[in-house]
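There are structures below to look over.
The same subunit A turns up in both complexes below, where it pairs with subunit B and then with subunit C.
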Partner chain A sequence: MASAILTDSRLTDRKWIARGEERTSLSRFLLWLSPWAVVLAVGIYAAGLCLYYGLNETNMDNRFAFGLWIFLDLGIIALGAGAFFTGFLVYILKRAELRPILNTAVVVGFICYSGAVAILMIDVGQPLRAWFTFWHPNTHSMLTEVTFCISCYLLVLSLEYIPILLRNRQLRKLPSFLVFEHQLHKLVPVLAGVGTLLSFFHQGSLGGLYGVLRGRPFAFRAGIFIWPSTFFLFILSAIASGPSFLMLVTATVEKVTGRRLVPPDLFRRLGFISGVLLAIYVAAKSIDTLIWLNITSPSVGFAPWQYYIHKPFGTPILFAEIVLLGLVPAFLLTYRKSAARRGWLLSAAALACAGILLNRFVLTVQTLAVPTLPFDEFLQYTPSWQEVASFGGVIAYGVIVYSLSYRYLPLFAAPKGEHTHVSGD
Partner chain B sequence: MSARYGMVIDLDRCTGCGSCMMACAAENNVPSLPQATARTGLTPLLVRKVSNGMDGVARRETFIPIMCMHCEHDTPCVKVCPQQAVEVDKATGIVMQMPQRCLGCRYCMTACPYHARYFNWWDPSWPAGMEKSLNPGVASRMRGVVEKCNMCHARLHSVKEKAAAAGKREIDPADYIPACVESCPTGAIRFGNLADKNDPAAQDAHSPDAFRLLARIGTEPKVYYKSKEAWVRGLAESHSGPGPEINRAEVMGSEVQDG
Partner chain C sequence: MFPGIDGFYWTVGHVVFLSLFFAVVVTIMTTVASAAWRTVRDFRTKRAIELCWKSDFAELPESDRRCRHELAGKVISRACDNAFDCRHCGKYSQFAVLPATGLATALALNYSDDRLYHRGHTWVKSADDGTFTIGLDELADHLVGNPDSVEMPEVGTELEINQTAWRMKKNGNEIRVRAPLDGTVVGVGGSKEGWFLKIRPRLDPRDPRTLRHLLKGPEVHGWLSRELERLQLQLRAPNTPPALADGGVLMPGLMDAVPEADWNTVLADTFLET
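Right after this comes the complex of A and B.
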């Protein structure tokens, strides 16, 4: 009886997988998902504790008012920038060669943004008042701009995800879904344009969040008109790291599934785009750092070197951010010989993503740890298990959504017969 | 004419007794939270003990009451709040916090260089029977919102009501006194309208011994301190010039005064 049900479920599962696509067995797929499901369940439990008992379940405090969640939110939103940037390159700049990665970019973007919004809803003390920002918006606040743009862009990403979802083998059989998918698909270039506009603003505003903090000279930056320099640096760094992250995700999926999913040349193209943008970012970041250290910070009474006397936040962290995780990957991604080798290319992409995460860490965590008052001390903060588990839940959610999308949806839109096995490369 | 309420705290007179903290807590119905730590408790007014970092006879200490500085210019917390839960009252210059509108995002706490804003990490609670002694003029704040010193705004309300009942348009300045000012046994805190040149507080603020914390940031705080001790006045800024002595934070050390 049990084996009959299992056989039946295997047959049913097979019907949902795109025709001609090879996927692992249902049992192996469920085995892959099960640890992630456990992590997700623990994450939901931890998030529930935070929502029910309040943020006293975290290790944040009055001095470390932002913690792990904000750092990782900023990080995954930067890495998720590959979604809008690929859409921009394909639909606006007509770079058709990037089309094979477009669907996966949308799914990765959707996961990053929906995960970030979910964590933000736990991170605020009164989540039921989130709509107040739309009702009583403070137009001078960068956080208002972030809230507006992220909400709207998540809607855009959802609208971009729906056509991919409706291309599922079984869902396509419903005529109304097919028509809806067709109509929505015609809208995708417009959505890509809207998404680009929204993303430019909220990526910038996320940088502006800290750049405008006059009371935190470590983060405060001069700028242009109302925008501090971090506004522009965040846009640049996000579009530089986005393609690298997409490359890493695709390479990981290729490794796990043992298949070649995109044309080999695509990684080199993504790497080159990422590398050139990273080089521009590193140059801009270096100029900005020099202006900040020599003009902005001393003008408000803070000597630049006093930020770096606290271990482990010494000058090596600045060196790592600009050179080790900025200049080096930029070179490796653009230099013809290193870019031609898959190992070097992917390592450089990983370094680029790590550099952007380090930048977000420095701006969110180091800003709060560094003293402002002359009689303040350097602060330490260690996240509680609830904070770590909640975010682990978001990571697990991402893996599960991506795994389901890969199994049941045509994520890699390569023409039939182009897919080849990695083994033997 | 609108007022600019502010304070001048004479640090040479402050003994660190903490009565201002207690008066502030009682006046503003600050809950009793035995589970709170020095970094998670609610202390809209916090007396901090600071030393000159020396040992033996050369050691000097002072107490610095820290509360919201009611910044006048480019007020960091007002600018960042996404839903206008913080504002500078144009009539008084007091930076007001609206707990009923606060999202609890804590961006304002990140923006404040004085660490004078506090988050309600727990539901408010008091020991059994203590609820009967709460101030009926001040609403307690719920879990998940930010609060801070509002210069005992409830007292200003009652003074305005008193003036209105007497048919007056203006309040008698002597009637409006925040709880901390009233409770200080040495009279170290002087409160008044800084926009009125004849006000003793305004005159004190212009004394050569007066200073403001982190004034170079440019937010025009309305809480002044004064001391005849040069090293205490040196606390005004993160540093006073280039050089190895620049990091006073490390040299001096600091600790929070209990109670």
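Right after this comes the complex of A and C.
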């Protein structure tokens, strides 16, 4: 009886997998998902506690109002930028060679943004009143722009995800789904354009949010017109790390599945794009840091050394952010000989992503930890288990959604070539 | 968000910000509405079936999308890029005049010259009254044997080419048989002599382009030998290497005889499913 049910499940599962695609057995797949499902369940429970009892379940307080969750939000939104940037390159700049990675970019973007919105709902609290931010917007706040843009962009990503979802082997058997998928897919360039506009502004506004904090000299920056320099640095760093993160995700899936999923040359192209943008970002970040240390910060009464006397936030972090995790990967990603070797390329991509995450961590945590008033002390913050569990829940959610998408959807459908050779050729 | 609601001010920043936001929302909603409207329009104009077939065709493995002229040995290698619609193929006449060089060997299957064949394993035979009879070809018939259930279209049903003409179920697998030509169903028959449909074609059968997309002569032989080769590979015992053909005859009721085979894939390949 049990074996018959198992056989039936296997047959049913096989019918949902695209024809010609080899996937691991259902039992192994479920085994892979089960630990992630446990982490997700614990995360949901922790999130429930935070929503029910409030933010006193966390170790944040009125002084340390941003913690692990905001770092996670900023990090995954930056890494998820590969979605809009790949769409921009393929649909707007017509870089067709990046098409094989487009679907996976959309799924990664969808996971990152939906995860970020979920964690923001817990952080902000009272999700049933979320509509207030739209109905009574404070247009003087960078956060309003972030909320509007992220909500709209998540809608765009969901719409871009629908055609991929409808290409599932069973769903596509419904003619109405298949035709809607076809028609929606034809309009995806419009969505890609809208996504680019929205991403440009919300990535920028997330950075701008820190740059306008006059009461936090560690983050405060001068800028252009209404935008502080961090507005532009966040955009640059996001589009630099997005392609690197896509490379890492794809390489991880290739490693786990033991299959080559994209043309080998694609990694080099993504690496080069990422490397060039990272080099521009590092140059801009260096100039910005020099201006901040020598002009902006002294003008508000802070000597540069004051930021770096509190361990572990010493100057090595600044060095790591700009040189080790910025300049070095930029060089490795663009230098022909290192980019030709897969190991170097992926290591450089990992360094680039780590650099962007470090930047978001520093701006979130160090900004709040460093004292700003004479009677202030250096603040320490350690996330509560509820914060860590919610964090883990979002990561587990991402792994589960990606695993299901990889198994049942055409994430890496290679374009089929057409060749004609006439007799006598 | 709107004038009159608490929090709204007639300032430049407010108006510009909200206008931009509403422009984005309207663009997104218009895009979705446009896709939905086009979908409805495609169903009304019956273009939906053509779109579905083209989408399915694009998903077929390249080995299933070979040009008929390759099957007949007129060209060495050519993948069809026109969804098997030779009626509107710009290259058809260029290749049709070339001599067929394919070798004809005995395949031990009854593929009569008085019929035309569709890649979804159906045959088409004309009758004196201007109608056409459509049935499962010998290979498909050998695979399926006696289906557990059959769902035939009603008389009067309008069929589009490559649309599902009828459905069968066998051992838990659903099989969708594609219509080889457009027309109105004028008769349905079964089951002793095999299930079949009678169709009155929509286009003039005297026009040579009406049936041009169907295989005939040496093309049938080339196509069928490849299909048998595929079947032999797919039905071989697990973990055994491909073996040369032994000259045997295809046995009837293969789905019952080899239940352990990956019928999901075999049936999809045979009936041009994705």
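We take it that the second predicted complex is superposed on the first by the 413 of 425 C-alpha atoms of A that agree within 3 Å, B and C clash if a C-alpha of one lies under 4 Å from a C-alpha of the other, contacts with A are read in each partner's own complex, and residues count from 1 in each chain.
Quick note on the criterion: contacts are C-beta pairs under 8 Å (C-beta built on N, C-alpha and C of every residue); 3 or more make two chains touch, one makes a residue touch a chain.
Model, not experiment: these values are computed from the prediction.
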TODO: Name the contact category of A:Gln183: first (subunit B only), second (subunit C only), both, or neither.
DONE: second
Task: Partner chain(s) touched by A:Asn138 [first = subunit B, second = subunit C, both, neither] - done: both
Open item on the list: Contact-wise, after the overlay, does A:Leu159 reach subunit B, subunit C, both or neither (first, second, both, neither)?
Closed with: second
TODO: Name the contact category of A:Gln380: first (subunit B only), second (subunit C only), both, or neither.
DONE: neither
Open item on the list: In the overlaid three-chain picture, which partner chain does A:Gly54 touch, first (subunit B) or second (subunit C), both, or neither?
Closed with: first
TODO: Could you look at A:Gln306 and tell me whether it touches subunit B, subunit C, both or neither (first, second, both, neither)?
DONE: first
Open item on the list: From the superposed pair, tell me which subunit A residues show up as contacts to subunit B and also as contacts to subunit C.
Closed with: 135-138, 140, 144
- [ ] Write out the stretch or stretches of subunit A touching subunit C in their complex.
- [x] 11, 14-15, 18-20, 134-140, 144-145, 148, 152, 155-156, 159, 169, 172, 175-176, 178-184, 186-187, 190-191, 194, 197-198, 416-423, 425
Open item on the list: Using the touch definition from the top, list the residues of subunit A that touch subunit B in their complex.
Closed with: 54-56, 60-66, 123-126, 129-130, 132-133, 135-138, 140-144, 147, 209, 212-217, 299-303, 305-306, 309, 367-368, 371-377
- [ ] Could you pull out which subunit B residues touch subunit A in their complex?
- [x] 35, 37, 39-41, 48, 50, 64, 66, 74, 76, 79-85, 101-107, 109-115, 117-123, 142-146, 213-214, 216-219, 234-239, 242, 246-250, 252-254
Task: Touching residues (chain side subunit C, partner subunit A) in the complex - done: 1, 5-7, 11, 13-14, 17-18, 21, 24-25, 27-28, 31-32, 34-36, 38-39, 42-43, 48-49, 51-52, 55-56, 58-59, 61-62, 65, 67, 73-79, 81, 91, 95, 98, 101, 172, 262, 264-265, 268-269, 273-274
